[in-house]
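So that we are looking at the same thing, I have put the structure below in structure tokens.
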């Protein structure tokens, strides 16, 4: 009788705990954690990778750039995904981390489709997001209040946007959303809404605007005519080795860069005509190898 | 207005409130099912999800939800049963017991985000389980334990005291009486509680985002060896559940058919919750009839 | 209520030489929390006799009965002091194994409380748990005890049916069968007939008289005629005290104190 | 108009709880300004009978009643009869004292207040009158605003009597009103009842036969849902006509 | 002799006694595990959440009353801008409003189920309420976003995101909890109160209103407070409809934020150990403490109810 109860109570728990502690898995996996903007890209690449290398698996998790950087710093994962340079984030010691720029992503302002505004200047944008312009009328649109939708603080997209548009101005306290999907849905359904998002997320439910007359296209990003863009980083703790190294090489390979990265709306790093440093210094790249 | 008229008015109002509540539920269910079911196909239910292209399914997520549910119930049922029995039968009436009850109640009103973050901190990081089914199951256990314990305790308490006395008077220990007399009598209530708890676990997302993770390896449904990395049974792999998937595609929305997928997934989720409810009702009643001997009479 | 003087009491002593004492309490106090329910009761119960405990509701007779096999242990906040002597041991002391003791001091309650199991399992459940596995012995036990409890004829064809499907009176008789299946030394009955119809009551009383041959029986009842009919001794309880204890005949014909007289003549209760 | 001698007449009353027949064709009448005791073992239907008189059984699901019950010549199961009005005419006292968890004052005036009485002097007066009639005025007059739950069982039961009396019913039904009380409280209630007899018709269900014989004018004996014997109390107790009655009175069962 | 056998057996430790010890230890262990979990949660959340005040030296009072939440930046004096007041107000706002809206409905439904029509109640309303409990909060959020927000926008103006939308969603979410606890409270009112009242010629509504509800007030308050603590901790559904603007809400239809929404949003974007992260854990600590306070209130009410 006692045995029966022992089995019922203790066994499942004990088994599970044992499983958790001393479990040797067959097959191999690495974990990449971080930026939710980068997550779909890495996931897609990981899928392709596993198809070609059965039994080797890339575990991709979101959680935000902050999570990615802090986890890679403590070494609990193999790869930390980030929309930001590690050194931009407080609390991160960037010196031990190795940066792999795997893609470039452009960020564009988006507005509700019902607003007939086609072009904004950087200054106008900055004034909208700092709360100095509050009505579309001031921008040649209809008499409609501007509903500003911002991204969560610390998000990479917001950081990029503020860095290249706001240029030091502080943002007005407004609605903030954690995720691009939510932002898109809100902009699509809320009259007078304006926000910004990475190129891959733009679809027909929202409308992009030109900034200073430049249309938000990949081509304009590659020449830095469209300035609001950033690198997508995958950090490793020290130089990668083993599976991590192979996966990093794989994701930077031409086939993935052309097939997956470009298809999803990111811009392959190799297509860039310029490179931009952490401080914002732009250097043209000579593409003759 | 005289009392009788008031009585009529009040009764009407009460009827209206009841109808309203039923209408709210009917609306919710219909809304979800109508907007979701058209997207549900066999391919959708069993297919792989896609990370950026349209036409992904929810097969793996559904499997993950069920597997995670089973694992967490495997941990939480014995624990809650034991704890419920302790509280109902053994706990002396003193401040310590009150404190324990208090703690359990606080645990039950704990926001699931906090549970999720705690799970992330303790199971994923400190215990080095990472983003895995196991840490998800443990977090769900934390989330589910207080309610199950309470349900077990309540069910045991609702078994009449005379039943216990009958056992004691026959020289049986409290433990034997509880296990062989009280628990069987309370089983319908316990079972109902467990199944309803399962429904709650099934739909929980916030506690899982940081513990079980937001993606799954491409599972190899031909290899059931739990130690293989892509095996469906591997408890250390990460596992995105159905509820998390809904949350994720709603917030990421990079796949073009995000709204269709989330509507379809919601419909499936609701169907399962309905299933759990009806199962709870059916098995609870059946067990009750079985125990009270109505079967023999009928 | 100070109508009756507590010092006005008569408890007939039983001489150990003449009567074999099966169970005795000495200065038994029972309190629930702050409230004392039994204020020092000393009674001796003779072996193979039926003793009735009578008194108005709230007089403490049930509380007293329940303390005899320590059923009150399970109600938290209960404190019992004084001695309950059984086979030369104090039931209240720690050296006694309470579960073993309850096998020998059985109890039947006011409300029928069969387990939610079949009739057969109701009777054999405890013996099985105490180690009796032989099917033949168990079968026999079921038949004998059900016959003794006057239930056999009604249920013999369907021993597998749920005990909860029985009527209240049948359930109570099943409980009695269940109690005597343990072959107890002493049987405590707490108003066992209060839910029974007249015929079942009569059967039960016959059963008790029969059981007396082998068991010492203590019964709490609010039916005085019942007490008069079946018992050899009667104790009258009033407000937590045993005020009078004597042979039943004497209690009902010539009570020695006024309270008893008032009660048996129906002035209150 | 001459009032009929019988306050309540019951004719061929059957009552079913679902399939189970609890009253099997009862015909009985209760007289004005008398105390009628209803005795019988538990489950004989005596409490059920009591609750048909004020239609409290209406509240139990699956109850079917056939036959007629007339109060003052009026069929209380007639379609146009309002159960709420009926219950104002027929007061009831229960086995367990059940004062509301309010003050003594609020308890007593409850019946008046729900009928819309708001004048303070009327309420005050009703409280004093009813508490006096229930023989508890002296004990509680200084603490009318204390919670009624703080009183002893006997006092609570008398508050319940006062609560019934405040609405001035014609009939008072009592369902074992003293079984939960100690001897002294019981005798106080009994004394109160004898006093009330002059103004009210009382039907009391009791298990205490001595009580029935002490206070009632007539006694009805029930067994298994049937009226076995009914007559003046003295006859029932001294020379019962039926064997069952004799058995019961002498305590063969119950 | 039989006599001696019994005596001897009384002095031995029986199988039952060993059994008893086994059971007690086994179940006691289960309780111990639960206690450990609770203590661990408190320990972890508190150790992280208090770091804001002890390590980063944020003034507690400023934390609770400050209105600017911008953990990455500092104000003119160089103090970090971690004012949680907008979130606290938002959380309490939606919680109280949801409770205010839900209470009459919950009481109504509970009264219907216990007093008016127990049969219909048990057969229809009970399952309905259990189903409402079972609907996952992501689904509530999804419906809130696609139904409630546009509805509020069309009816009341504004963007649709705000406390009002949060209130509607939470109302439906806590309704079943409050209802089923109210049902328990009503059921615990002794049947004989109702009988006494009806026997005095009260109508059913008078009985409900003047006796049943009055006698179960403390139970109902407990139910409402419990529902509030649920509402307070709800995250995903509220986050989707409230708008998440860290502003002191000036009206019901402008975007606001709650503790939970800021917490879920910010956690992934901050680095563990940094001030922004610690500040979020302080919010989690608040979330942990609030149910505790609600709990204490419940106990106080229950005690008061028991004393009457």
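Just so it is clear, A, B, C, D and E label the chains in written order, and each chain counts residues from 1 on its own.
In this section, a contact is a pair of C-beta atoms (placed from the backbone, for glycine too) under 8 Å apart; a residue touches a chain by one contact, two chains touch by 3 or more.
Given the structure is predicted, the values throughout are model-derived calculations rather than measurements.
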- Given subunit D and subunit E, the chains that contact each of them: B, C
- Starting at subunit A, figure out the least number of steps needed to reach subunit C through touching chains. 2
- Mind checking the centre-to-centre distance between subunit A and subunit E? Centres are C-alpha means, answer in whole Å. 35
- Task: Let me have the rounded angstrom distance from the C-alpha centre of subunit B over to the C-alpha centre of subunit E, please.
- Result: 18
- Message: Averaging over Cα atoms per chain, report the distance between subunit B and subunit D in Å.
- Response: 51
- Inter-chain centre distance, subunit B versus subunit C - centres from mean C-alpha coordinates, in Å: 47
- Query: If you look at subunit A, which of its residues touch at least two other chains?
  - Reply: 5, 9, 36, 62-63, 74, 178, 182, 185
- Multi-partner residues of subunit E (each touching 2 or more other chains): 14, 16-17, 19-20, 22, 26, 30, 145, 202-203, 206, 240, 264, 267
- Task: Hunt down the residues of subunit B that sit against at least two other chains at once, touch-wise.
- Result: 3-4, 78-79, 81-82, 171-174, 176, 179, 210, 250
- Query: For this entry, which pairs of chains touch?
  - Reply: A-B, A-E, B-C, B-D, B-E, C-D, C-E, D-E
- In the complex formed with subunit C, which residues of subunit E make contact? 3, 6-7, 9-17, 20
- Message: Looking at the complex, which residues from subunit E come into contact with subunit D?
- Response: 118-119, 190, 192-203, 206, 210-211, 214-215, 308
- Message: Could you list, by residue number, the parts of subunit A that touch subunit B in their complex?
- Response: 5, 8-10, 12-13, 16, 19-20, 23-29, 31, 33, 36, 39-40, 43-44, 47, 50-51, 54-55, 57, 59-63, 74, 76-77, 178-182, 184-185, 200-201, 203, 263-264
- Task: In the complex, go through subunit B and note every residue touching subunit C.
- Result: 92-93, 160, 162-174, 176, 180-181, 184-185, 291-297
- Note on the structure: Counting only contacts in the complex, subunit C reaches subunit E at residues 86-89, 95-101, 104, 130-131, 185
